[in-house]
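One chain, chain A, links the two complexes that follow: it is found with chain B in the first and with chain C in the second.
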Partner chain A sequence: MTVARQPGLRAPVPLTAAHANEGLRGLTIKDVNKTFSVTRTSTLSALSGINMAIAPGSVVAVLGPSGCGKTTLLEIVCGLQLPDAGGKIELGGLDVTGRRGHFAYMPQRDALLPWRTALDNAVLGLELKGIVRKEARSQAQELFRIFNLAEFTHYYPKQLSIGMRQRVALLRTFLFPSTFMLLDEPFASLDAITRMNVHLWLLEMWERLERTVMLVTHDIDEAIFLADRVIVLSTHPGAIVLDIEVPLRRPRTLEATTTEAFLGAKRRLLDALGQQVRAFLPTD
Partner chain B sequence: MAWQFVPTALGLQSYLFPTFTEVVAAFRGDESELISALWTTLIEATTGVVIGAMVGLVLGAVSYYIGPLRRGLLSILVVLNSTPQIGLAPVVVLFLGSGLESKIVLIAFVTSFTLLLYTLQGLDLVPREEERLLQSFGSAEPWIFVKLRLRRALPTIMSGLRYASSQAIILAIVVEIFSSNGGIGHLILLETSLAGYVVMWAAALEGAVAGLALFGLASLLEKRLTWWVG
Partner chain C sequence: MTAVPITIRSTPRSVGAGAWRVAGVVAPFVIFFGGWQLLMAVGPHSLQTVLASPSTTVSYIAHNHSEMLTSLRTTAYEALIGYLVGNLAGFVLAFVLDSNRQVGHVGLALMVVAQSVPVIAFSAVFALWFGQGALPRILIATYICFFPMVLNVHRGLRSIDHIHNNLFKAFDASHVQTALFLRFPAVLPSVFTALKASAVLAVSGAIVGELFGAQYGLGPLLLAGIYYQSPPLLWSSIYLAAAISLTVFTTASVLQRRLAWW
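Our next item is the complex of A and B:
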């Protein structure tokens, strides 16, 4: 199922030849397990039996409490870690298990390098992919302009507010020559109001620049608001306990967060997550 | 200030403990000797530090990736640190004579191990998230080293450089006292034996100036390279 976009809303901006050529691709996660050895005799099962298929051009949220292996899953997908034997990651049919450079990855903290300006941080991925800095800068400049951040290009990270830093990090992720984005709790460090703003900003960017997004979060409202589909992971071991479609139309507006459809989805997710909490409550 | 008044106040022999103004006057009189001594010591220390720093940096970078090499070099460092460095002075002088070379080699040797240590410590300070980010791009390790690890290590490396600079002047002067044709230590020794205490004090003052100058240079470099810290 590919996501239905409202036609004629705004023209997509491919931005680089790399993005245009690659096109949107789907992701298949097959039989991914991950065990860590804690001591010489005992092991911890971080992920168990993860199987997922993500449609090109969709936004999928992976929801779960901290420690449920969400970050591990993202790292396995983008090749920073290997799954246990037998696990496979396929991007558009291509086996990319353990191979790096196919995904636009954004780690939990913004990881902006303090000695680089906002613009130079945004082009970091392009630069390391071999694109000449001047060319990379002009592409980035264009993106900064479209999203009203042009005046911040020469600021250094320490001069930027946390919301701004997240936006710059997101721009860096959008600029990376891959149409598949992996976001690891990108809004966790933002206060509620800034988070709302950055959500809308992200949705706007996603509308304009075609991408497939896999987003990890612990925030239920965020998952429902941003995604087409929400997958709930349990902890110890991390396994899929629920997989629902989000019944909200695009483009999403803040009003949608108070509709019956939104609350219905939220109820189902709370129920699935609530079972996690009950596992830790005292039993007497 | 204290230097000016304390000696006379304490009634010290003026030929043993000249006042500040008397010492400064010596610069007017014996300036060629004093200037050439300062210059010699500065050359020895600076050359030694620069060579040692480059060697230490390269060794640090290489042994960051090669575990056994790292462990081997660090154990040599432990042995070295336990030996008073001055004890190495006779060895270098024996092999390389009393000229500039022996001091430069010794200083470079000691500096390289200092910088090796500081480089390794600095390289270990890379935040995991930044490392993961660059790795996710699919970049080769040499690029990650240059664009990230080295930059992150610079503040630590620079403070090692500052430390090595102050060490270097002291080491240079001490070896010069032991055996030398020139330099501040040699001048101090010479003037002591000739009872030229004013010049001796002037030379000692120069030593302090030289130390400050080298330290100051290192600090300037640090500011330029690590302006983004804090």
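Our next item is the complex of A and C:
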């Protein structure tokens, strides 16, 4: 159920010593359920019987409406929450259930620290992993240069546009010493045009720096455009209702979004989501 | 943290704008003291028994400068030590209270009860316990400065964005790293709010403490002013007390602009 990444125009470059030592790793999610207790007697099933395997180097989008538990799933993967008993998260064969620091996580908003410059925000993950700031900075500087952000290194978050802030947050995620990225609706706060620009920028980054990616989103176009595979979650409880491969080649350009292959995938996803929508319409 | 940002202002400030800003700060003082001086000059003579004109007060300070300086030094010393110790203790305690919800609730409740007792009641007790030296006055200043810091920093810690906490957790940051990289910088603005609020309180605390049996300081000077019915002496003490708070407040403001500018 995985798609091998099409070879990019340029060979991927290893970014840091830490990254070079760690190859791409796959993820297995086994029997993950999550139940929240709402009151003393009633419970809410947020996730039900989630099983999936993400192949090393692939980009997988988890698509679903608000409240389908996709953020919960992501937080379980990166160890911020625990699954119900019996659930398991394996990264490259290693059991990481409830263990933190194995994934390059990016939360819903950019979460930049206002007292750090763009460069110092980007190196946060490296610093927390014990790399000296000077060394971390020189690694980040290189990345800023490659991706045309060199002039922004000394800007503070509030001096940056929202799109720029998102790019800096993504660089922070790329620099964290893990080749597995977890992105939690990273573009939800961007306007459509800025979002398109950041999408293209991110695709370009993935071409150069190979990563395995699990991306959570409620945007169908975004899921298709960025991912190799799209998994649709239902609401209440969050369960997998559709799992499709995206028949688009890499590297991708904006033209891909109007091809028949793109629209075909969109039709199937809309259909799966539409059943979710209709489920809430009054019967009769 | 890196050096102080120079580029942080979105629009460069011209020299003229800077001059206007200084003028905006100075003008109200000029008007206030000028008006006061004028009132003393043209007002009824009976005003002289309750007020002293700014020029009279300043020349009174100049004439009695050695005595004034001793008093100033005594009160400033008590206020400053109390200010530093109280704020430091408040800062540490806020982190302790935040570490555990139960401890936080109980601790804050206890402090509110303790702070609701008027400080003047304690100053008499402290004077009885610790005698005529600086110690009881320092303790009053400490006690008074401590509370704003606890409240502000505790609230600051509580209002750290959930998303930042999650990021640090997901990156597997240790407690020490989270404190250094997230919690300390995040509460810096709250720290300076407290430091500015207690700049005035520290001096009040020291003077109130001095009213109970102290031999030196601005407190005894005020008492002497009442005893001798001398407005210039009273107003000199008030000017000097204000000078101490203003210096501490301004220092805190400048540091805030340098260290917690965001």
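Convention: the second predicted complex is superposed on the first by the 276 of 284 C-alpha atoms of A that agree within 3 Å, B and C clash if a C-alpha of one lies under 4 Å from a C-alpha of the other, contacts with A are read in each partner's own complex, and residues count from 1 in each chain.
Criterion: contacts are C-beta pairs under 8 Å (C-beta built on N, C-alpha and C of every residue); 3 or more make two chains touch, one makes a residue touch a chain.
Model, not experiment: these values are computed from the prediction.
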item	value
Chain C versus chain B on the shared chain A, clash or fit after superposition	clash
Partner chain(s) touched by A:107 [first = chain B, second = chain C, both, neither]	both
Partner chain(s) touched by A:159 [first = chain B, second = chain C, both, neither]	second
Partner chain(s) touched by A:185 [first = chain B, second = chain C, both, neither]	neither
Which of chain B and chain C A:78 touches, first, second, both or neither	both
Partner chain(s) touched by A:120 [first = chain B, second = chain C, both, neither]	second
Chain B/chain C common contact set on chain A	75, 78-80, 100-101, 103, 105, 107-109, 111, 113-115, 124-125, 127-129, 156, 158, 176
Residues of chain B defined as touching chain A within the complex	127, 129-130, 132-139, 143, 147-148, 151, 227-229
Complex contacts: residues of chain A adjacent to chain B	75, 78-80, 99-103, 105-109, 111, 113-115, 124-125, 127-129, 156, 158, 176
Residue ranges of chain A in contact with chain C within the complex	75, 78-80, 100-101, 103, 105, 107-109, 111, 113-117, 120, 124-125, 127-129, 154-156, 158-159, 176, 182
Interface residues, chain C side, partner chain A - complex	1-2, 5, 7-8, 10, 161, 163-164, 166-173, 177, 181-182, 185, 188, 260, 262
